[in-house]
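Two complexes, one shared chain (subunit A), two partners (subunit B, subunit C).
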Partner chain A sequence: MNGIVPFFKKEICEMIRTKRLMVLGIVFTLLGIMAPWLAKLTPKMYEMLSDDLDQQGVIIKDVKVTALDSWLNFEKNLPMALIIMLIIFCSIFTNEYSKGTLIPLITKGLSRTGMVLAKVTVMMLTWTAGLWLCFGITCFYTDFYWDNSTVSGIAFSTFCWWLFGVFMICTETFFSSFASSSAQVLAGTGAVYFILMLAGAYKKLSELLPVRLTDSTSLYKSSLSKSDYFTAIIITAALSVVLILSALIKTGKRSI
Partner chain B sequence: MDEIKEYLPMLIPIVVVQLSLLVYVLVHILKHDHYKTGSRALWLAVVLIGMNFVGPVIYLIFGRDEE
Partner chain C sequence: MNILEVRNIQKRFGSKTVLDGVSFCVPQSCVFGFIGRNGAGKTTTMKAILGLIKTDAGEIDVCGERVTYGKKLQSGSIGFLPDVPEFYGYMNAMEYLTLCGEITGMSGKALKNRIDELLELVGLEKENHRIKGYSRGMKQRLGIAQALINRPKLLICDEPTSALDPVGRKEILDILSAAREQTSVLFSTHILSDVERICDHVAFLEGGKTAFSGSTREIHELKGDSDIELVLASPADLNQVAERFTDSKLSDGRLILPKASDKKCSELLRFLSENDIPLIRLERIQADVEQLFLEVVGR
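Now for the complex of A and B:
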């Protein structure tokens, strides 16, 4: 386990110097503002379209936008934020393996376990900070223009999204432990995401899968209660731990 | 005018963030001549076409050389 602190410092330094932190900060901030912004603009957009729609027989009378629309936009933006983050982090392990930059550190006695754990911690910290920054901005503007209390479970649904993101980070770490290029890591992580989404279309199965956590709409509209998510939360957390453990074992054996 | 005032609290941060990102990325492209892939002309086109933060973010992820 020794080496987790120096590796952690190195990762933070790398995040800042390669400007990854800045890019992610801007992405999360903008996506946070975009959600209420689009909701605010929706009536205007309908107004502009109304002439065309009139000719087709669709008549629009005053469109009401509520806090719910803003939060639905927020939910739609989150996959984009997650995907951008996963793309940025897909080379965090493989770059070092292919360039051999880890050899001096490992041969000096720092452990591989520490290296993996430090990288995972940094990724999770970034996701946590970014997601809650995004949430905070949307929360502020939505409350500014409408009323947050009309939408239920906003914090809980964001927590579910956070856990789903953690699971995807663990998946990426798992693929990084044996893949030889960042493209393979990205392909593997993308395949897991895609398969989960497909499997989630099957109703009975979707209650158990991590994709259940991405279903914030039902929470906002109170058609599902918090307790409906607990099985998925436990399964996702368990899967994440298993993925990290197998990544640690695999990384311990791979040639660097 | 009142209508614009209503939008200002959101409009100002969006404009500030997007403009500063655009300027930073444009300066970065013009100052460097090595990119991960593509050429200067390609990245200038991408960034200017996708001005509202999509272009600059694509450049920062796929174009900016990290060396």
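Now for the complex of A and C:
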């Protein structure tokens, strides 16, 4: 894995100077703030709409918002954060191949394995920092307005989302190892996500698939326990490792 | 000792044969011109030498070490300048060279000194701007600096002058000529005047094969007897000479004696002297790379 450290430093520099880090920082911060604030604003929004709703025969009284509403908003925001991140990272490999920027570095001894692992590490670090920043903001405001202890499994459900994000990053890396354009990478990654969602509709299968990890509502409401997620966690982690190993083999054979 | 030995390499892309037996050797401390028409297979040969593509047959040795596809040479002995070098636009020259140096295992003061030395060699020592604002010529110069960072024994340049203006071309050729003191240079081109300017060895690639490989001196020897060009004070005298030397040709007030031997040259001088014919110029036209290249490609 010759050259992995300098290449990793280059990736960090790229994240900062191309403003990808700033954009993702803003996205994760905004989504973290939006979850509790939307919950907080919900009664006022109903109040503003009450006259119109009265005329239609719908009477709204005493809309009560709890910490659960804030965390449900948080869960709904996470796919948006993940999709934005995957779009930003879809060209991280293909740009290097199409422009030929890797050629001078590889002829100097940068190993292809080191190159892939440096990029995957940067993507995972970004996802980890972004997700937990988003979680921290939601956690603080929710506890400030209500009480986090009334909702169960908030940290565990966020860990499940983190693992699902890691799996999607590995999927994107796998498609990047042979695709020739960022559009192909995005289409492949999107197709995997779509197929998983469709397969997840079949209840018996959904318990085993990575999409189970995105079901935070059942954890918040205690309708499912942590142990119900363990099989999906192991399968997702194993699939992620397989995808990364396949990406390393494919990248090693790729004509640059 | 040869720095690079290429023996009978072959490469097919689908049904198209791109390389069909390319062989040549690059000696130590020389500038080697790798000449061929567009699409002749120059870049494919270079990528094969770098281990970036897999050949179907043949062997390549760099400093005695066999080149294997996808594997780095232990000696780390090749520097490469692509035809259109692309860099990370958000970095400046110093940062990019630091990245290249660190990948080769250099660090600290030794790396900084080497970068300063190279930036001075390529004339970018005062450039602090990011690479995205560089002209094509500046990128080529930075490309040479990055290729030389770890003092490679062989510098491979893929058409380094083809997209540059005359000033940029001269700068690159001067840098490559100066780099000869540190390394052997293999550069591909289809600009024959560049080859004549700095190369001491050449190889012609035609139809996927090496049509000629040798020193520029050998080119002159290979051509054997060269033409003699004669210009006289009175054009009327030219006819008199042409009548005596029947294989000569008249053109634009000059008389050309094709493939004239030394004996024929003496005969001509004697004839001019005996007939008191005033002479303006008598010149033996040296065979050049262009003539040989045109012969090789059959034009």
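Details
One rule holds for everything that comes next: the second predicted complex is superposed on the first by the 256 of 256 C-alpha atoms of A that agree within 3 Å, B and C clash if a C-alpha of one lies under 4 Å from a C-alpha of the other, contacts with A are read in each partner's own complex, and residues count from 1 in each chain.
What we mean here is this: a residue touches a chain if its C-beta (ideal position, glycine included) is under 8 Å from a C-beta of that chain, and two chains touch if they have at least 3 such contacts.
Small disclaimer: the values here were computed from a predicted structure and weren't measured.
Per the definitions stated earlier, placing subunit B and subunit C onto a shared subunit A by superposition produces no clash, and the two fit side by side.
In the superposition on chain A, contact is made by A:T29 with subunit B only, not with subunit C.
After superposition on the shared chain, subunit A has more residues touched by C, the comparison being subunit B against subunit C. Contacts of A:G109 after superposition on the shared chain: subunit C is touched, whereas subunit B is not.
When both complexes are overlaid on chain A, the residue A:T18 reaches subunit B and subunit C alike. Contacts of A:I88 after superposition on the shared chain: subunit B is touched, whereas subunit C is not.
Seen from the Cα centre of subunit A, subunit B and subunit C lie 80° apart once the structures are superposed, a value rounded to the nearest 10. Residue contacts after overlaying the shared chain place A:W37 against subunit B, while subunit C stays out of touching range. Annotation: superposed on chain A, subunit B and subunit C show a minimal Cα-Cα gap of 6 Å.
Once the two complexes are overlaid on chain A, the subunit A residues touched by subunit B in the first and by subunit C in the second are 18. Within the complex formed with subunit A, the residues of subunit B that make contact are 7, 9-10, 13-14, 17-18, 21, 53, 57, 60-61, 64, 66. Contact residues of subunit C toward subunit A in the complex are 50, 52-53, 70, 72, 76, 78-82, 84-88, 90-91, 95, 98-100, 102-105, 143, 146-147, 149-150. Remark: subunit A residues 18-19, 23, 26-27, 29-30, 33-34, 36-37, 40, 84, 87-88, 141, 144 touch subunit B in the complex.
Subunit A contributes residues 2-3, 5-7, 9-10, 13-14, 17-18, 99-101, 103-112, 252-253, 255-256 to its touches with subunit C in the complex.
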